[in-house]
Amino acid sequence: MVNLKVKLHNLEFKNPVTLASGTCGFAREIAEFYDPGLLGGHFLKGTTLKNRDGNAYPRMAETPSGMLNAVGLQNKGIDYFIDNIYPEIKDYDTQLIINVNGSTVEDYIALTEKVNELDNIQAIELNISCPNVKEGGMAFGVTCPGAEMVTREVRKVYNKTMIVKLSPNVTDITEIAKAVEGQGADSVSLVNTFLAMAIDAESRTPKLSTITGGLSGPAIKPIALRMVWQVANAVKIPVVGIGGIMNAADAIEFMLAGASVIQVGTAIFTDPMIPLKIVEGIEDYMKRHNMQSVNEIIGGLQL
Amino acid sequence: MVNLKVKLHNLEFKNPVTLASGTCGFAREIAEFYDPGLLGGHFLKGTTLKNRDGNAYPRMAETPSGMLNAVGLQNKGIDYFIDNIYPEIKDYDTQLIINVNGSTVEDYIALTEKVNELDNIQAIELNISCPNVKEGGMAFGVTCPGAEMVTREVRKVYNKTMIVKLSPNVTDITEIAKAVEGQGADSVSLVNTFLAMAIDAESRTPKLSTITGGLSGPAIKPIALRMVWQVANAVKIPVVGIGGIMNAADAIEFMLAGASVIQVGTAIFTDPMIPLKIVEGIEDYMKRHNMQSVNEIIGGLQL
Amino acid sequence: MSKKFVTDFTVVENKKLNSTNFLIKIKSDLILPEIKPGQFVNVEIKDASEIFLRRPFSIFEVDYKANTLSMIIKILGRGSKKLTQIEAGDSISLVYPLGKSFTYPKKNDRILLIGGGSGVAPMLFLAKESGLPIENVDILLGARTSEDHVDVHEYSNYANLHYASEDGSIGEKGFVTQHSVFTTNLKAYNKIYACGPDGMMRAIAKEAKTAEVFCEVSLENLMACGFGVCLCCIEPTNQGNQCVCTDGPVFNINELKW
Amino acid sequence: MSKKFVTDFTVVENKKLNSTNFLIKIKSDLILPEIKPGQFVNVEIKDASEIFLRRPFSIFEVDYKANTLSMIIKILGRGSKKLTQIEAGDSISLVYPLGKSFTYPKKNDRILLIGGGSGVAPMLFLAKESGLPIENVDILLGARTSEDHVDVHEYSNYANLHYASEDGSIGEKGFVTQHSVFTTNLKAYNKIYACGPDGMMRAIAKEAKTAEVFCEVSLENLMACGFGVCLCCIEPTNQGNQCVCTDGPVFNINELKW
């Protein structure tokens, strides 16, 4: 039997395959297909302090090997989550990580304090990289001081595992990664979506109500993989790899580049079973390569 | 008859369809398929002061809807170009734009001075965005001071049309565009390739000899389009749009976003006839939309 | 929580109905779950170089004995075109069953079903499932021309068929909302159900509201996932933005911000 | 300057030769340009969602009267696999003719042709085109097992056929460089031509160099464009990095930095 367990700081995952925030709802939707406990973890839909309607329709556009979204963090707010969703999902046998989003540092702190009370949520993912909201999100994530400030202040009130989600829309992502590591982040996850755009030539209008949106899917995989590799070589904290992962080979590539855990995002829209196939594919790979522990893959790129 | 003529500063193109540097050789290779004079222009293969062998093999990897390259500016140097290539191509009835690359500002100046002597080359494209060479290239293109310095110094010695080619590997491309506009660039072209990576999971090695390389092709189109739109709204000089253009609709999208001229790059590897089909497709679009001049498309996005 | 599946079906038949519509019947090796009119499937488009996401289509017919279901596909763009080239024996992957169905009519209800374009599929399904005597069911189908009309004469067993076409080449000339069954006495119906293009849905909703008749419409917003996780397919409602794929695609018009 | 074309061909025949090799014959409506052994075509792989670039394949046979040409395709990965599923009547787009051919032998030359795996195609083409009497032409084909061997008995009209297989299931057991025609008296040949996997090419080149026999090998470096503009397919030579697609794929071993 191969051992698929991995650790992120002191958070243990039964396998390295998790689902990306905003693409797996609150894990309940996955439960309609299969037991969420088959996966290492679920990064829940981005949550804010107050209810948010999100952006106007249309919010998505298909692109070559990918898609744009401009959801804009639609959610019912943290209190609704705590009262109505958390009780339903808290006993899933998997890691549930909440993805928090603020317009101000105070928002992040207030959210974190509420999350602190939830015993079955052992980790938080600070989203400082959403390209689809005016108020904040990416504004924090694209400068070192912004990223540092959010990380430092949340760290003061949060003792469990704190993962900071990085934006790829920067000149040097290792600078941001090092900055948040310096402020006490336990892990960094990357990448969020790339700021992008689609136009309908015939109607001469943007395809999204917000003009620009976030690009995800296999199209971004080579850039995301490069960033994960750079960051894994620049920081000591573990890295969560995200971006266009469609199958086990993709997941293994991210792990070879240095990711301890991977998130499957857009792929699930094309086939909700992909995450399970990835778990199987990693097991199969380990057997073929005579590996006992999945940790042998992590950072195993040979130069 | 629709009018396809466009101007970039005082450089006139018979139509807005040109070929991207590094993907059309020195136009001679295109002449083996059709008359290079059918296109608006040809941005010639990146040229340096001295002969360069480029990077080791393997230099390319296929990716979802795109490819990575790590050519590393292989070329025989400007003198070889002047003596052996220029005489053969100089009378093609199209705009020939030379793409120059330096490791130092002095390199750019020396190259430009030599190009100045070539009567049939009425424009220069300063590549400050090649992700595949250690010595310089992108190093200039990702900071405002670097971009400004090269632009300013070359401007001093060059009176014809100077186009600066921008890197997409930056937090805010409009800052760089405004910086080079401020130093006298007549136009900006964007984007060059995205720094990216591919790994072979089975052999656990990078697919490129250089580990990382540049991503091009339709995968990058939505990001490139967003950048062209942002830059066209930020500067007054005309913009050359590049990135994943595969057909007339793509070209028109870039023009609607604000590009005066577009470059076709990687698409030509999949079908060398694509540029001609784009010219036809633009004509057809103009007829369907009752447009007399192609300038009616440029910046015509309706918000 | 409603159980959903990702299942490979085998194409039994791909029948060209007219120049742009195809009826595709597919068969599963597994027993089908219960499926109701208004629900849909999300179909993988294989071997298409420029298509990344699945495409949603309404379920048209279900045969629980034969383990088959059918869709009526109208060619709109690249994905639907590719799909209509599928051949008997080919494999096709479905995520299903998705969405909520129409509210079934009560015994003795008089109902009007209105389908436009590819919206005919769920209307015919509902007519069949309604369990009402034929005289209580009017079905009104609208299209551009007779060429675009899906021939459904076998449904005359379940409903009174009426046609509207923009050029008058079949049935009454004009839009469905100009058809006599619609304009004569809308209040005579207890329930109106509609599926079709956005413009048609809004026109129907407006009249139904005025006449104060119960009316449900099925929406076709752009979707990425189809099962409620991406929040791309939203429609503004009295309960805020709701997902067409899970809260719909069927909505009572009084819920919509139209 | 050599004229090149982008042309749609129609598949005439797709013949399975063995478990992994297929012979695909295609026909053009246009008159074929002159094509020589060693030259190749760059083929578009249609309707394949994960394939972006064309795939290069050697030309195996040309029939100028019938306007057909053939390739022998070995399944290696996704593109070659997809290509071997093509059917008679399908359309296929080629960029061609690409690359330089082998140097033709002189009258009275004795030549040895060595093909490994999918490298058989250009060797058989060259054997046919060499114009030499059969006794002057030895052809040595190597494969893993008899299963992988492409049956080419019709070429016994042009050359003496010899086989090598790693498991001894056909011809002599071992690599081509261990075969008796290769080990006995290499110097007896005026020219050696080879096409096959990189390792085999290097082994042959080494022996040919030692024996001081003229030797040309055809390389299969990864390509993006196939017509000399991308500079991805380079091979280090005495003239610096050269493009396999335009300066090759055939190289004299003395030019290579092996």
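Brief remarks follow.
Labels A, B, C and D are assigned to the chains in the order they are written; within every chain, residues are numbered from 1.
Note that contacts are C-beta pairs under 8 Å (C-beta built on N, C-alpha and C of every residue); 3 or more make two chains touch, one makes a residue touch a chain.
These are the chains along with the protein names UniProt gives them: A, B = Dihydroorotate dehydrogenase; C, D = Dihydroorotate dehydrogenase electron transfer subunit.
Given the structure is predicted, the values throughout are model-derived calculations rather than measurements.
Chains that touch both chain A and chain D: B, C.
Taking each chain's centre as the mean of its CA atoms, D is the chain most distant from chain A. With centres set at the average Cα position, the gap from chain C to chain D is 55 Å. Measuring from the averaged C-alpha position of chain A to that of chain B gives a distance of 34 Å. If you average the CA atoms of chain A and of chain C, the two centres end up 36 Å from each other. Centre-to-centre, using mean CA coordinates, chain B is 48 Å away from chain C. Under the contact definition stated at the top, the residues of chain D that touch 2 or more other chains are 51.
Among the residues of chain A, those in touch with two or more other chains are 63-66, 217-218. On chain D, the positions that touch chain B within their shared complex are 1-6, 44, 50-54, 93, 95, 221-236, 240-241. Contact residues of chain B toward chain D in the complex are 22-25, 28-33, 45, 51, 53-54, 57-60, 62-67, 69, 71, 74, 217-218, 266, 268-273. Put simply, chain A touches chain B in their complex at residues 63-66, 68, 142-143, 169-171, 194-199, 201, 203-206, 211-212, 215, 217-223, 225-226, 229, 244, 249, 252-253, 256-257, 285, 300-303.
Those residues of chain D that touch chain C in the complex are listed here as 46-49, 51.
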